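Look at the two complexes coming up: subunit A is in both, with subunit B in one and subunit C in the other.
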Partner chain A sequence: MITVQDLIYSYPKSENPTVKSVSFEVKEGEIFGFLGPSGAGKSTTQKVLTKLLKNYEGEIFIKNKNSKKELREWKSDYYNQIGVGFELPNHYSKLSALENLQFFASFYELDKQNLNQKLMQLLESVGLAKDAKKKVQDFSKGMKMRLNFVRALIHNPPILFLDEPTSGLDPVNGKIIKDIILNLKKEGKTIILTTHHMTDAEQLCDRVAFMVEGKIPLIDSPKNLKEKYGQRLLKVEYSQKEGTNRQNQFFELETLAQNEEFLKLINQNYIQSMHTQEATLEDIFIEVTGKKLI
Partner chain B sequence: MKKLLKITLWEFVLQVRQHIITVVAAITLIYSLAFIFFDNLPTNFIILLISTDPTMLGFLFIGVLILFEKDSKTIEAVVITPIKKSEYLLAKIISLTGIALVASLIMAFASQKEINFFVFSLAVLLSSAHFLLIGFLGAVRVKTINQYIFILPFSLIPLMLPLLNFFEFTDSVLLYIFPFQACLLLFEAAFDSILLWQWIYALLYLPLSTIGLYFLALKFYDKYLIQN
Partner chain C sequence: MKPTTFIYLFKNDIRNIFRDKTLLMMTVLPLIMIFGLKAALPSVVKLLPSFPNYYSLFLAVVGTVSGLLGGYIIAFVMLDEKDDDVLKVIRVMPFPMFLFMAYRLLLAGFWAFIFSFSALLIFDIQDYSLLENIFYALLCSQTAVVMLLFMVSFASNKIEGVTFLKGLNFFIVLPVLAFFVDAWWKYIFTIFPFYWTYKAMQEPNYLWILISVFSHFVAFGIGYYLFLKKTE
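The block that comes next holds the complex of A and B.
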């Protein structure tokens, strides 16, 4: 769906490139995540892909069209193919939530029939239906972020670029957004997600690209990464009786069924918890890049 | 065309919500009452007051609209839609010019002078489009409304130099370089008569310079609104 080869981008008046020769491929119907700290070049890469930034080096193919030649001819129709969810709220604050969606809907060739009903369904999906006629200037940041998110879906695009879609949301609304993203994937959408929340990346992404200082040192699925970088151990937390001092012991996963010491421990003690010692994406990120996800 | 109409209608809604229309209505009311009350005002003075509506106010209003969009970052959300830059720009020009035309016509009626309303409307339409485009070129290059208001007198005073000819302080052909000279001539033609060469000058120079500004504005849209 999207192939990027040796992409380099420098902002005007900047001595060093922000994106330094990155290559990756996003398959149709997958959720591909850019995981990295602020300033890593994630949003810049996304802006190049959404044609907001030009004058880049390298090659970009989207739906088999080369960005420099054919994409130029594709022009505004390209924006019928993509939906963009921005990191920060950007709405017309004097308009209501519904009016904001109607305003942006007017830019697309949408079927007028039932349009308002469809827009109301979008608002309903993120819990904003009751606030549809409220001016956006009276919205909280979380409400504005949810409106940002559904605005990207107005024209039902096959490709979605979502920048920090759960930023500023409480856990309940964060989960609602994540569930919608997973449903969009089921519908066959290709989703490019930019985040520095490792849990979002872990829960949503089929593959993640670690991005740091404009480079991508690693691309893989969260599952593969956790297996590759994690320890195949089971940590058992136990005490002799409930309420007494807790102790920890580690056992190899491969030999667990035959491990007599393990079997004896779980039979004779009060088990507080058992956890496999998989590495978190954050641990792996630090190990691979030497940087923290801030 | 249909899309342009839809976007233009939304521009009107935004201008209502941002109280631009309220400000225009208030100014129109004050000027109109003044014209009715002082019914012997000199024509030159009336032309000066009416011509500031599509020119200076248009310059100010488009700046406010663009900078509001830049500040709230709605411009980012707009440029990643299929809207063409020409549609974006024309919607603003058509809506603000429409408001200026209605306001100017009300003031013209209130002036109780003998006016050729066709020429008057032409003067308003061309002057408004011209100054809106100049305002756009200025607004996309600055970051805040305060910066824009700061550059406003420095940008407008040189452009308004043809007023020296208009009030007969000078009689310089050099001032015909400024398209505002053509605006003033067209307004003058609506109230009085002007020479044939002045007609030719005004009807060629003002539309051609406006077309030039339009193409420059499309370039500035790419350079300052999208790339920045």
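The block that comes next holds the complex of A and C.
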């Protein structure tokens, strides 16, 4: 669906490139995440893909079309194919949520019949239906972010670019947005998202690209990464009696069923907890890049 | 791209203007200014008996300033868009940016023309035909379109826009000096495109008209280039 080869991007007047020769491929119908700390180049890469930034080096193919050579052919049609959710809220503050959506819907070739109903459904999906007629200037940041998100879905595009889609949201609304993203994937949409929340990346992404200082040192699925970088151990936390001092012991997963020491421990002690020692994406990120995610 | 998008753009702009007290006030400000000046005119003529010799220059300045006030309304709508960061969203819509800007500049030009034309009609102190009034109003309203571009390029928000507006109002009146002094430095004012509009109306001549149109065209090109650079 999207192929990027040796992408380099430098902001004007900047001495060093922000994106340094990155290459990756996004398959149709997958959720591909850029995971990295602020300033890593995730949003810049997304801005290049959404054509908000030009004058890049390297090649970008979207639906097998070269974005430089065939630029004229699908210049504005490209925007019928993609939906963009920005990192920060951007709406007409003096208009209501519904008026904002109606205005942006006017740019697309949409069936006018039932349009308002569809827009209201979108607002409903993120819990904003009751605030549809409220001016956006009276919205909280979280409400504006949810409006940002649904605006990207107005025209039901096959490709979605979402920049920090859960930023500024409380856990309940964050989950609503994540569930919608997973539903969109089920509908076959290709989703490219940036995040610095490893739990979002873990819950949403089929594959993640670790991005740090403009480079992508690693791309893989969260599952593979956890298997590859995790330890196949079981940590047992126990005490001799309930309420007494806790102790930990580790056991190899492969030989667990035959491990007499393990069987004896669980039979003779009070078990507080048992956890497999998978690495978190954050642990892996730190191990691979040497940087923290914040 | 749908032609109906322009209707929505217009509807959206009207909503944004009518929901902002400052902008709403700016729609009537030129009329207050025009009627106020008209009421004061007889007193000015009493004080300065030679003033009627400069009626055309006076109309040129009032026409240009009235037009500018019309242009400012659209400039402030655009500065609101900058504040709200919605231009970025419009850039990812299937609608070419140059069409969006063309719509905005035409709207500003139209609004400026209405105010300039109204000023010329309301004062009615020169024996201009309707066609002449239309023509001179068009000359005066050019400045509004150019200044809108400079304003939205240099000002990042409405507060900076107001500062720009104050400075610009001073510069708009400044070239009038060139008609009253006979010193070398009066030629400095020739760099201002609106100076040539004043000259074309005070000393009617096809050459001054051509220079006025051409200099505004050049300034428009520079303004548009700056706007594109700033929005990228």
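We take it that the second predicted complex is superposed on the first by the 293 of 294 C-alpha atoms of A that agree within 3 Å, B and C clash if a C-alpha of one lies under 4 Å from a C-alpha of the other, contacts with A are read in each partner's own complex, and residues count from 1 in each chain.
By definition in this document, a residue touches a chain if its C-beta (ideal position, glycine included) is under 8 Å from a C-beta of that chain, and two chains touch if they have at least 3 such contacts.
Quick caveat, the model's predicted, so the values are computed rather than measured.
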item	value
Room on subunit A for both subunit B and subunit C (clash or fit)	clash
Touched partner set for A:Val84, first subunit B, second subunit C, both or neither	both
Subunit B versus subunit C as contact partner of A:Thr244, first or second or both or neither	neither
Subunit B versus subunit C as contact partner of A:Gln231, first or second or both or neither	neither
Which of subunit B and subunit C A:Lys94 touches, first, second, both or neither	both
First, second, both or neither for A:Arg151, with subunit B first and subunit C second	both
Doubly contacted residues of subunit A, that is, touched by subunit B and again by subunit C	50-54, 76-77, 79-80, 82, 84, 86, 88, 90-95, 99, 103-104, 106-109, 151
Subunit B residues touching subunit A - in the complex, by the definition given at the top	3, 6-7, 10, 13-14, 17-18, 72-74, 76-84, 226-227
Subunit C partner contacts - residues on subunit A that touch it in the complex	50-54, 75-80, 82, 84, 86, 88-95, 99, 102-104, 106-109, 135, 151
Subunit A residues touching subunit B - in the complex, by the definition given at the top	12, 50-54, 76-77, 79-80, 82, 84, 86, 88, 90-95, 99, 103-104, 106-109, 151
Complex contact set, residues of subunit C against subunit A	1-2, 4-5, 8-9, 12, 15-16, 19-20, 80-81, 83-86, 88-96, 232
